[in-house]
Every structure is written in C-alpha cells, then in structure tokens.
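In order of appearance the chains are A, B, C and D, and numbering begins at 1 in each one.
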Amino acid sequence: MTADLEAESLARRVADAMRGADAATTGAGVELVEVGPGRALARLVVERRHVNGHGLCHGGYLFLLADAAFAYACNSYGTPTVAAGAEITFLRPGKLGDELRAEARVRAAAGRTGVYDVTIRVGDAVVAEFRGHSREVPSMPQPPGV
Amino acid sequence: MTADLEAESLARRVADAMRGADAATTGAGVELVEVGPGRALARLVVERRHVNGHGLCHGGYLFLLADAAFAYACNSYGTPTVAAGAEITFLRPGKLGDELRAEARVRAAAGRTGVYDVTIRVGDAVVAEFRGHSREVPSMPQPPGV
Amino acid sequence: MTADLEAESLARRVADAMRGADAATTGAGVELVEVGPGRALARLVVERRHVNGHGLCHGGYLFLLADAAFAYACNSYGTPTVAAGAEITFLRPGKLGDELRAEARVRAAAGRTGVYDVTIRVGDAVVAEFRGHSREVPSMPQPPGV
Amino acid sequence: MTADLEAESLARRVADAMRGADAATTGAGVELVEVGPGRALARLVVERRHVNGHGLCHGGYLFLLADAAFAYACNSYGTPTVAAGAEITFLRPGKLGDELRAEARVRAAAGRTGVYDVTIRVGDAVVAEFRGHSREVPSMPQPPGV
C-alpha cells in the first residue's frame, strides 16, 4: 500500500472507532459521509427535535455537526486529539428538512496545535462558518479498534 | 410596579414564551433556572445520550447549553435578538451524571450589537467559557405569549 | 472593459484611496502588494520597533498586518465596510528581519456580513491565522478619490 | 511579607522586566498603569500615527493595547506565558486624542491554559472587548531582572 492509501485507510479506521464509541454524535443524527487525512464530511438532516418554534435549526446543533466533522478531521492522522475551542459564525438559518453538510479541512498546524475550518452548507448556500482549535494529546488512549 | 420589577417580569415572560416555542433546547435536556435583564442561568444534567465513549460530555452539548443561556439573556430586554456567532473554550471535561450550570451575563452593547459571557461550571470548577455575539432584529416576530 | 476587469480596477481604486487616507497602516510599515475583488496581499518587514526583547514580532503588529489586508479585501467591492471583530491564532513567531506576507480572502457572505480568512506566512511557514468579521455600512462616506 | 503582598510584588517585578525588554509595546505608546496577580491596566492616548483618514484609531492599535494588558496580566504569576490567540469585538471608535484604558483580568484557568478578558474603555464607554487565550511555557526564559 502506498503512503497515501495508508493515510486514507488510517483516517477511516480512526473514524470508524470514534463512531462506535461516540453515542452523542450519532444519537444527535450526525452521519459521517467521508473522511481522509486532515478532512471529513458529515451530514445532518434537520428534524423536528433540532428546531425551535420558527422551524429553524438550533445553533447548538449546527455547532454539534461542525464539531463532529472537526473531530473526525483532526483525529484522522492517528494521534489522539481534542478540541481546545472553536468559534462559529451563523450566516443563514437551517430549516426543518434541510440536509446540512459540514466539510472540515485542516488549515494550519504547528507543534501539537492545529487550526481547522468547517463550512456548513445547504446545497451551495453557506449556513455557518466554524473554526476549530485542536490540541494533540498523545498520552490519551485511542478508541478501541484503531 | 417599579421599573426594575417590570424589567424582571418582562425577562421572565420572554423566557417562558421562548421555552414554549423551542423544542430543541428543552428536548436536549436544558432547563432554565433563572432569568433577568441581561442574564440567565440554565442547567443540563449529563445523560448517556450526551456523552462519548469515554463518558465525557460532547462539546456540541456544552455549546448548546451555553447558547441557550445566551439566548435567554440577550432576548430578556424584549427586543427579538439572534446569535450572530460565538466562541467557546473547553477547559475541563463534563462527565456522565454531572450537573452543568451555565451562567450568562451581558458584558457590553453598542447599537444593535451585544457581547455576552457564559461560564459553564460543575460545582465551582469551570468547564467552559463561551462568548456570544448578539444582534437585535426588531422586525422579527416575538414568540407567542410575550 | 469587461465586468471582471472593472471589478479589479474598482478594488485597486478603493485600495489606493484607503492607503492615502490611512496613516496608521502605512506608518506601521505595512505595504499593500496586490488587491482584487474579495482579496488582498499585504507585507511587513519586521523591524526593531516591531519586536520585543527576544527579537520576536509583537502579536499586536501581526494583528495590525492581518487587519490591514482584511480591510483592503472587504472594501474591495466598493461598499464601505468595517471590521466588527476578528480572531487570531499565533502559530509561529515572526523574527526581526522576516518578511511577513498576509493573504486575505473572502470566505463567505450573507446580507451585510462577511467572513474573511487571512493567513500570515514567512516563506511557506504559517505564522498566524486570522478570521475577520466584516459589516457593510453603505451610509459611510468613501475615502476621497474612489 | 504576606502571600498577597508577595504576589503583588512579583507581578510588578515581572511587568517591569517585560517593559524593559519590550520596545514594541512602549514604542507604540502603550503605558502600564497598574498590575497585580492576574490583572493589569494599560493606557494609550490616540495620536496621529494611530489613526486613519477619519481620525479613528486603527483596530490594529486597539488590539495591540489589549494584547499588551493581557500579556502583563497572564505573566503576573511568574511563569513565562505566551498568547496562543485572541479575539476582539469592536463596539465604538476610539478617536484622535482619546485616552484608551485597557483593563485585563483573568477569567478562568486549567492546566497550562488561561482565559483573560480585556475591556478597552474611553471614560465609561466600551470601545472594544478582547478575550485572550494564554499558554504557560515554563521552559521559556524570563526577561532579565525577574
């Protein structure tokens, strides 16, 4: 296997193990669509439980979706990594029934610190922009199965 | 009624109307404890559905809790107000069974823009610090009952 | 002139007028290298006045450089636009004598709100990542000469 | 000397050493007014070199002022500490001749990470709110004289 294929395979193996161990993400309705080194695509279809009285997706679930894509992306290299923090900008509402797609991508890294961008879209329209700050914690155990 | 009591009463009336209209917040397990002009206290007991495989509360639910307290606080003056964005810093994990308390407080305002701080604690220990950016939208309808 | 050429020409005209009117940016040593619709490239050579006792560029000047590139980029469409806020992550130090290059690019927009990314590099190494939040203020006067 | 007095004295000793070693901060016009454990007050009078064509203080210098107060506050405990990042919200303009006062205060800390709030005011009016993220680097040398 080439180095590239190995990196892709490692990213998928980590993501599978994370999914198995993370009831919160899957329970909230987030699905992982794709993952690779430094990137991930996740989706959430906006259900009644995600919306407020105006039929608009709660900002908390937009954050949760972006945060999940971020977590898959920043753990994809095989070193256990946690979120130190994040910021999110809300640009357009997500509506009941919308399919939200969150695309995470590494932007920069130095030492144990990483910066990741996540864009949430409905079709081509940007719903929210998220920037995540990650920190590698090599001493933390991997989820079982990696 | 004095101006102070009226302000307190308005904050509670808005919060009651928001709660009635917001299935997402209550459905996620967030309870409003207290509300007043420019401030709110909300709580979440960390259940199995909120945690990952390590028994730690998902960052998405920490954000959702803080965001809910922020929403109550920034709508408390009676003008419909939305979140433009927010940033969160994760300092300590929330664990299965923990009672998380999120205290929101206005920090500064100018024109239609507001800055709010939300601190999430378990007992006295700070779990996360959240800063929310609000924007008044006077043309937006109030939730029914205000 | 095609629409594209007109957009490029407008961006340059606005940037020239801004530079003429902005003693702070040029006085701090920031030079505009390139500008176009939704983008700008600015540079700063780190001088003695920019560094602390370790010979490292003060974070305030890194921010000032990124903020200047952001201002050129978000005003490039011809509507007066101000910074509502920004966040910066410091990844590597800038050193005395380094040529810092700040590349600004629009990331998303909705209504009067825009999100811009600015990356500061020395050569290929990322020194800082900046995210700016802009707000159009059509009622604000343009700098003279636009 | 009591523990409290020792903490105050240490904060002042570190700040004096930092000032001596930091040409950038003092050269930009920032003065330290007061410092203690986890807090600092700095000031900047807005001069011609700090303003743009509208006579308004450049956001870069507002950031620099807040960042300087943050640096004094987060180094006040005696452990060398750097800024990992920061976010700033601009609420009102600072004008030529204004005396800007930046008050920094620790908000929360966990492990080597700290969260600091800095408010910039002119009189009682809030000009900007800044939140800084610090990271202790015990291996880094102190400025001479501590």
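We adopt the following convention: a residue touches a chain if its C-beta (ideal position, glycine included) is under 8 Å from a C-beta of that chain, and two chains touch if they have at least 3 such contacts.
This structure is a prediction, so every number in the text was calculated from the model and none was measured.
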item	value
Most widely separated chain from subunit A, with each centre as the mean of CA atoms	D
Inter-chain centre distance, subunit B versus subunit C - centres from mean C-alpha coordinates, in Å	34
Euclidean distance of C-alpha centroids - subunit C vs subunit D, Å	23
Whole-Å gap separating subunit A and subunit C, where each centre is the average of the chain's CA atoms	29
Subunit C residues counted as touching two or more neighbouring chains	84-85, 87, 89, 113, 133
Category of the chain touch graph - line, ring, star, complete, other	complete
Subunit A-facing residues of subunit C, complex	87, 89, 91-92, 107-110, 113, 115, 117, 119, 126, 129, 131, 133
Subunit B-facing residues of subunit C, complex	84-85, 87, 113, 133
Residue numbers on subunit B that touch subunit A, as the complex places them	18, 20-25, 27-28, 48-54, 57-61, 63-65, 67-68, 82-90, 143-144
